[in-house]
Amino acid sequence: MERKVEKKMGENKMKISGKRLLWKAAALVTGAAILAGWIMTGRAGISKKDQKIYASAQKLQPEVDRLGFQNFKMADYPVTMYDGKKDYVFYQGEIKERAPVLETFAGTAYPVEDHFEVIVPTLDKLDSLMSLTGGVEDMISGSGYGEKEQIATIWHETFHAWQMSHYAILGEKMEPSELTAALESDNTGESEDEILVKAVDQKDDVKKAVEQEMKTLKALTAEVSIDEVKKGVLEYRKSVGERRKQMPKEAVEAEERCELTEGTAYYVEANVLKMQSKSGQKYQERYLDSMGQFEGGRGKYYRTGMAKCMILDKIDPGWEDRIDFSKSLDTLLDEAVR
Amino acid sequence: MGIMKNALRERIRRKDIYVVVVIGMIIVMMCMSGAATLSINGVSVTEFEMMMPLVMNVISVLGGGIAVALSLRTIPNEYERRTSHLVWIRGISQWKYHSQLALASMISSLGALFILYVGVLVFAVMRGEIQILLKGIPAFFLFSISTAAVSLFTSAVSLVLPGMAAGVLCTAFMLIGTMHPILETVSGIVSGVARGLVNGVLFAVPNLYGVEVQAANLLSGKTVQVHNILGGLLVLYVCAVMLYVFRRKEA
Amino acid sequence: MEMLSCSHLKKIYQKQCVVNELSFSVRKGEAFALLGSNGAGKTTTIKMILGLIPKDGGTVERQADIRIGYSPETPYFHPFLNAREVLEFYGGLQNIPKKELKEQIPMLLERAGLEDSKTKVKNYSKGMLQRLALAQALLGDPQLLILDEPSAGLDALGRVEMMHTIQSLKEEGRTIIINSHILNDIERVCDRGIIMKKGNLLYEWEKGKEVRSLEEIFVDRIGGN
């Protein structure tokens, strides 16, 4: 009698048919092809798109020169793009890979060894973060973030690198090594943001006054008559003076510092975005329309600072050429209307 | 394909899924219509180009949740009610059996995802973004890769883990995969053991978001990254291999 | 001629031996009974024969390439299907050609005592499900039929009909293994069998070998330990 020891009935017979073998081979080949493709495309390093972004940002140098800031050159600073795994440093025509120095997905100017560098996340990383978290703090606010916005951000951070490399901001200058040491020490003191939240955002009267001032500044940026602008500036300065009497000294200093550093950088960023678009629609939406909008912490001073730069454009042309960051923007306004 | 057909018919008869899909559609519509205020740095987001990735992400999380819910019990149910006995004794291999059941779960998950996705397309057309209709179908294929992977992963895991453990694991897989970039940011913020832990999780769970966002890129006219699409397909492939390798000892 | 032979079958669940060194063989064309009270290990034995659970010892040998039909104790069919669709589904799994299946289904339904109606399975009584289980077991003209409690849930008349059906299947030359605890039925239909208790073989029964009825033997064996 023909007999067999039964195997599990749920299993196919051990005999592998030609068809099954063919299926297995096809599945293996498919898997190997996907894996190979994935590895090959992953080895590309920094993407062509990011390289193009850097090149396009560089090409804007002549137009940025026209803004008037002395010796403000992107080529002077390494621009680093961080993709979540590695840093890609663009400098002097080369792109170098290295382990990330700052594993964070925010644009910044950061001390590296003896110099300041621009560090930004790659556009894809930023994109994915923005779509998940709804924006990256202290960077560009508003709608749509793409290549042009990334270029504007790079210029924003380059402006910081330039400020810190060349100037004592309101009398304070830190060398890269000093800043590195300060960043590495566990400083438990209050941050600028915390100081401003306490002194402004959480004080209803002060907050209301700032909201009013923001509206005034926005209106002044749109005013055509120089005399009216100057008149408006005087009134504005008076109300600011009254408001600041209620604020602690360190909050006033934080306000002035933030406006001077971030407001000017935001002004550069806005202009870079404007340079890249014919219609200026995004510039209008992102920067001008939102200029009067209050925002918590330091965010509002980006807008007030930029507004002051635009007012200086009207009442003190060429201020960019003379700025040395030793005086606050308010002081520059005062001098312009005197 | 009879097993798949019957499993699919059974899925379609489950009313709870329709409730989830309807709730999902309401959420999507709220996001798209502005009823739910979405603001970035204090500026409300209304531009389609900006909303697209956000809404797509909401859909992918909803779709992933539906995929886990639909796939988690499909195979274990077959074994619990002993339907498997009449299949095994007919010499149907476990791979053939499980893959057809998993395919049914996957198709129903993608069906639910498609309903939510069509909601976005309809709204886009209402907003005058007619050009995205043409890209709609290929974009859905990209978009569905991660949901398909979640569904397959859940089916495979349900073969070897008890219900609760499989549910927790698959939900974590879906959420971490979809929120990969946020965890990457977290890993940059934290230090020490926490960082090691986050990096471990990031290493273990594939970046499902990477492939999902390619659909949004395609729809909004941005560059589509082949690497991330291949990454998604690779995850899908590995999940299929898991389904092949994991076996039940008893029918 | 032996159709199936089990040798030293063993199954352990949670450190408890539920089938212990069980050996028996089934001859071609006979009806063989697995008898025992609840927990005797009858269903576990059937599952091991069918390969639905792994064995912890022993072997199952059967004639090569025989077709096997199986009717489970608690059958579950997709509730949205009708009887015809259920048979089409399982026939499809067995790769029975569609044309052949179309011819087979009405005959199988008639044989199992079911109507070829559009009534969905969800509206079936336990007895009707049992009949449908038998019909699906008969798909593809099996040589060996394994029936686990085939008359469970049937009323008295249904039980008689089921036994008639089984008898006629046997007369067609099919080998049948029945797991049941309705001893009268078994005695009428089966030729041989074994009585099990707690996984052990207690007694090998053969029709006409003893004067005592099967029921008497069963009570004697099961009650005596």
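Residue numbering begins at 1 within each chain, and the chains themselves are lettered A, B and C in the order written.
Operating definition for what follows: a residue touches a chain if its C-beta (ideal position, glycine included) is under 8 Å from a C-beta of that chain, and two chains touch if they have at least 3 such contacts.
Predicted model only: the values in this text are computed from it and were never measured.
Farthest from subunit C in terms of Cα centroid separation is A.
Centrality by Cα centroid goes to chain B.
With centres set at the average Cα position, the gap from subunit A to subunit B is 33 Å. A separation of 75 Å divides the Cα centre of subunit A from that of subunit C.
Centroid to centroid, with C-alpha atoms defining each point, subunit B and subunit C lie 43 Å apart.
Residue positions of subunit C touching 2 or more other chains, listed in rising order: 50-52, 54, 68.
Of all residues in subunit A, those that touch two or more other chains are 8-11. In subunit B, the residues that touch at least two other chains are 84, 87-89, 92, 251.
Touching subunit B in their complex are the following residues of subunit C: 47, 50-54, 68, 70, 72, 74-78, 80-81, 88-90, 92-94, 136. Taken in their complex, subunit B has these residues touching subunit C: 2-3, 6, 9-10, 13, 81-90, 92, 249-251. Interface residues of subunit B, counted against subunit A in their complex, comprise 38-43, 45-47, 49-50, 53-54, 56-57, 84, 87-89, 91-94, 97, 179-182, 184-185, 187-189, 209-210, 213, 216, 222-223, 225-227, 230-231, 233-234, 237, 241, 251. By the touch criterion given at the top, residues 8-13, 30-31, 34-35, 37-38, 41-42, 44, 47, 49, 84, 102-105, 124-125, 127-135, 137, 141-146, 290, 293-296, 299 of subunit A touch subunit B in their complex.
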